[in-house]
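Lettered A, B and C in written order, each chain numbered from 1.
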Amino acid sequence: MTHSSLDPAAARDARPESFPHAATGALANQQVRANIRHATTTIRRKRAGVVAEVPDWELLRSAGSAIKDETLASLDAVLIELEASVQAAGGTVHWARDAAEANEIVVGLVQAEGADEVVKVKSLATDEIRLNEALEGAGIRPIETDLAELIVQLAGERPSHLLVPAIHKNRVEIRDLFRDRFGLPDLSDDPAELAEAARLHLREAFLRARVAVSGANFAAADTGTICVVESEGNGRMCTTLPDVLITVMGIEKAIPRFRDLEVFLQLLPRSSTGERMNPYTSLWTGVREGDGPQTFHLVLLDAGRTRVLADPAGRPALRCIRCSACINVCPVYRQTGGHAYHSPYAGPIGAILAPQLAGETGAVASLPFASSLCGACYDVCPVLIDIPSILVHERGKAVARERSGIEGRSLKMLGKAFATRAGYERAQRLGRQLQRPIARDGWLTHFPPGPLGAWGRSRDLPALPAQTFREWWESRDDRA
Amino acid sequence: MTTGREAILARVRASLADDPPHVVPPRNYRLRGERDRAAVIELFVERVRDYEATVVVADDPGAAVASALEAAGVRRVGIAPDLDRRLRPSGVELIEDHGLGSRDLDALDGAVTTCASACAETGTIAIDGGPGQGRRALSLVPDLHVCVVRAGAIVETVPELIAALEPSAREGRPIVLVSGPSATSDIELTRVEGVHGPRRLVVIVAT
Amino acid sequence: MIERVALFVTCLADTLFPDVGKATVTVLERLGIEVVFPLEQTCCGQMHGNSGYPSEAAALARRFVDVFDGFDAVVTPSGSCAAQVREHFEDLLGGDDRGVPARTWELSQFLTGVLGLEDIGSTFEGTVAYHPTCHSLRLLRVGDAPLRLLQAVPGVELLELPDAEECCGFGGTFAVKNADVSTAMLDEKIAAIMASGAESVCACDSSCLMHIGGGLRRRGVAVRPVHLAEILAS
């Protein structure tokens, strides 16, 4: 009936990596779905518990949101101040327009040290720019030191959740991976034993590493202090022991003042891991003689962020502090997991950030439609990002960009019909007429290809009744 | 040729052409706690215990340090060169950290330090390299960290903690916030103690 | 004291679920309120708005305001349509909404919030699981209004729905554009409904009930989907 090449929206959705397709594939993996169901249920409960403890939680959300908006509204001034502060404290600041430039800078810095390996703290920004591939291409071995990133790296996969990248793997799968890669045939699946195996494997790397690469959760412009929030201690290892530290940070992570951490260090741990405070938070300012790396490089990354900044309606997505609370409550993510989003950013934040960063091209262009608009994400976002509204806004941009296909023409036709009483009632009567061949005993018996077909794969649909409400109302008036 | 810096700043300015309003963040959240001193200390002890760290309240911190090290069965312990004499127990080999290499630190059984500040609500200890605290590596690499917290340095809330630490940040001191021993929740979201940071944390509250 | 309301029946109920409209009229008239049904009404534009067609949504919003201006209250048996009117019309119409959104109420909001009632005199009997639809829960914030109304029906035994606040998977065009995920979400909702042991599942939105009911029937599950208005009108 319709050929997808004539319908840009359908063509976009038909690509194998677009969300509807990727999701269908992901749904088939019952093991991953069970893992994700278990993990997200646990973390929702923990988050709810520690948030309930905080009497001024809503005030903190408002403050966090405002601090981020304040920053974004004068981002150029904040970045200039940050640069000055970091330099005054003995660090060097680089500015990378895109992934390629960032990778070139980092590879160059590592090569300048004559190092052939780097230890890495988990960083979404480096996942985004695919730094590991660039390092490997230059003969430099990146060693992921976050347990989950290590698991994902050993498995040759991509992370599926921005906070818990190996959420899709259960303990048995991790045990099997470690048995194979660490040569430990008798390893059990006890989480403590698995963690110990990872610890021993990585300890050696920490002690010998000369160069580390990290991301940053926040960077305070007034003092030049970089903040990394973590649990395992690998962040401390990487930012303390090596001689050289390179931090790659998205420009939206800057905050105006050190003082502002009093808000974010309450919002982030409770929203992300559901703890009062995460085990370790590192706050360093440039270099400090006799303590830690004596060379510090901060690489400020744009890579599409200025594009997001340019759309006032989409801009709030840049407030994100990467807590993943939205991902954990999302009923769509719960079914599909993160790989279906084809982006380091999955779930609700992924659906609004990834398309904007990419300029609404590629597979991620389908992400704004990957939502039932239930709003659970907005309820939990610590910085009050109105994700459902931005999803609708992004849908509008997608629709405006694509020439009107079947969906567009149908909706516009419906809109015209609904513009007048006569058109509306005519559409109602037409519907009753058209359904006659496929309706019996009050239910549809066949579902023609298209939206009805998609509906009918799993659900019944009542037929249009013989009398509409308004026809009944008018007959009632006649009788009265 | 435009530099990355020039290009990015130009893009930022162009992106803000809609002239968004300048926001002044509301500071009507709690800026300080309301508990009295005794309650603050009690809360701190409770919260640190929640993280599976050992907490001792002692009016003789030196003795408490000695007990803790003995209980842990350690023999070689690292300390900052300026650690107060009263916190240096006999009976263990104390090695002053004058720039020990990573592997030397790794060969130690533990470390004893003081701290700059602490937060009761979150059970957090803050280290900023001040007197008795040493370099960051000292309280990171050895597997046991014994930390003496002066009761008077414990504040109730996070905003008070950050306010207490701000002068250190302005001085360029690196700061580490420690809330329990290291842990991961990466395996089925079960919190597992002991990955890379010290797997044992003993906190001594000196009253 | 409100004595006369306009009914916004919604395009979906008008065309596919007229019994919900009739039940709403029954409830309001039983309470002594005069119900007016302006025949010029068509659609609130929610589907267009949510699917990325803001100008079409705005046109429908303008029409809604034209049709319903002049009434002290507009009542609708749809949480999602009420949410579209109350929460989105202002932006769509640049503030030029003549106060109509503020005077538009979802049925349970109207009964408990405006009229201050809980006992509507229903004689419905049976076990009921209540599913709070996402728009009524999070956008309209009707809170426990529907539950209080159900609890006040002597013959209703409310059974707890596990994970009640989890989205059923309808989501408008999401149900067909991402049909597989929508179905996966529906499967979980149906499992929860079956676990509740209730004979009926009740909600304030015909759209979600259409999706849930369609799924129940396809799977041969004998739980009856019923709109809140139909329970109250019994």
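Everything that follows uses one rule, which is that contacts are C-beta pairs under 8 Å (C-beta built on N, C-alpha and C of every residue); 3 or more make two chains touch, one makes a residue touch a chain.
A quick note: this is a predicted structure, and the numbers were derived from the prediction, not measured.
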Omitting chain A while every other chain stays put - resulting connected groups: B | C
Pair joined by the larger number of C-beta contacts - A-C, A-B: A-B
Cα-centroid distance, chain B relative to chain C, in whole angstrom: 53
Distance from chain B to chain A - Cα centre to Cα centre, in angstrom: 30
Contact set on chain C toward chain A in their complex: 9, 11, 13-18, 21-22, 25, 37, 39-40, 42-43, 45, 47-54, 56, 59-60, 63, 134-135, 137-139, 165-167, 169-186, 188, 210-211, 213-215, 217-218
Interface residues, chain A side, partner chain B - complex: 35, 38-39, 42-43, 55-56, 59-60, 62-63, 66-67, 69-70, 72-76, 79-80, 83, 89-90, 94-97, 101, 145-148, 151, 164-167, 170-171, 174, 191-192, 194-196, 198-199, 202-203, 206-208, 220, 223, 225, 231-234, 236-237, 240-241, 251, 258-263, 265-266, 269, 273, 275-286, 288, 290-292, 300, 302, 306-307, 309-310, 312, 315
Interface residues, chain A side, partner chain C - complex: 13, 19-20, 23-24, 27, 331-332, 335-336, 368-376, 378-379, 392, 394-400, 407-408, 411-412, 414-415, 418-421, 424, 428, 431, 443, 451-452, 454-455, 457-462, 464-465, 467-470, 472-474
Residues of chain B defined as touching chain A within the complex: 3-5, 7-9, 11-18, 20-30, 47, 50-51, 99, 102-103, 106, 119, 121-124, 129, 135-137, 140-141, 158-159, 161-163, 165-166, 169-170, 172-190, 192-198
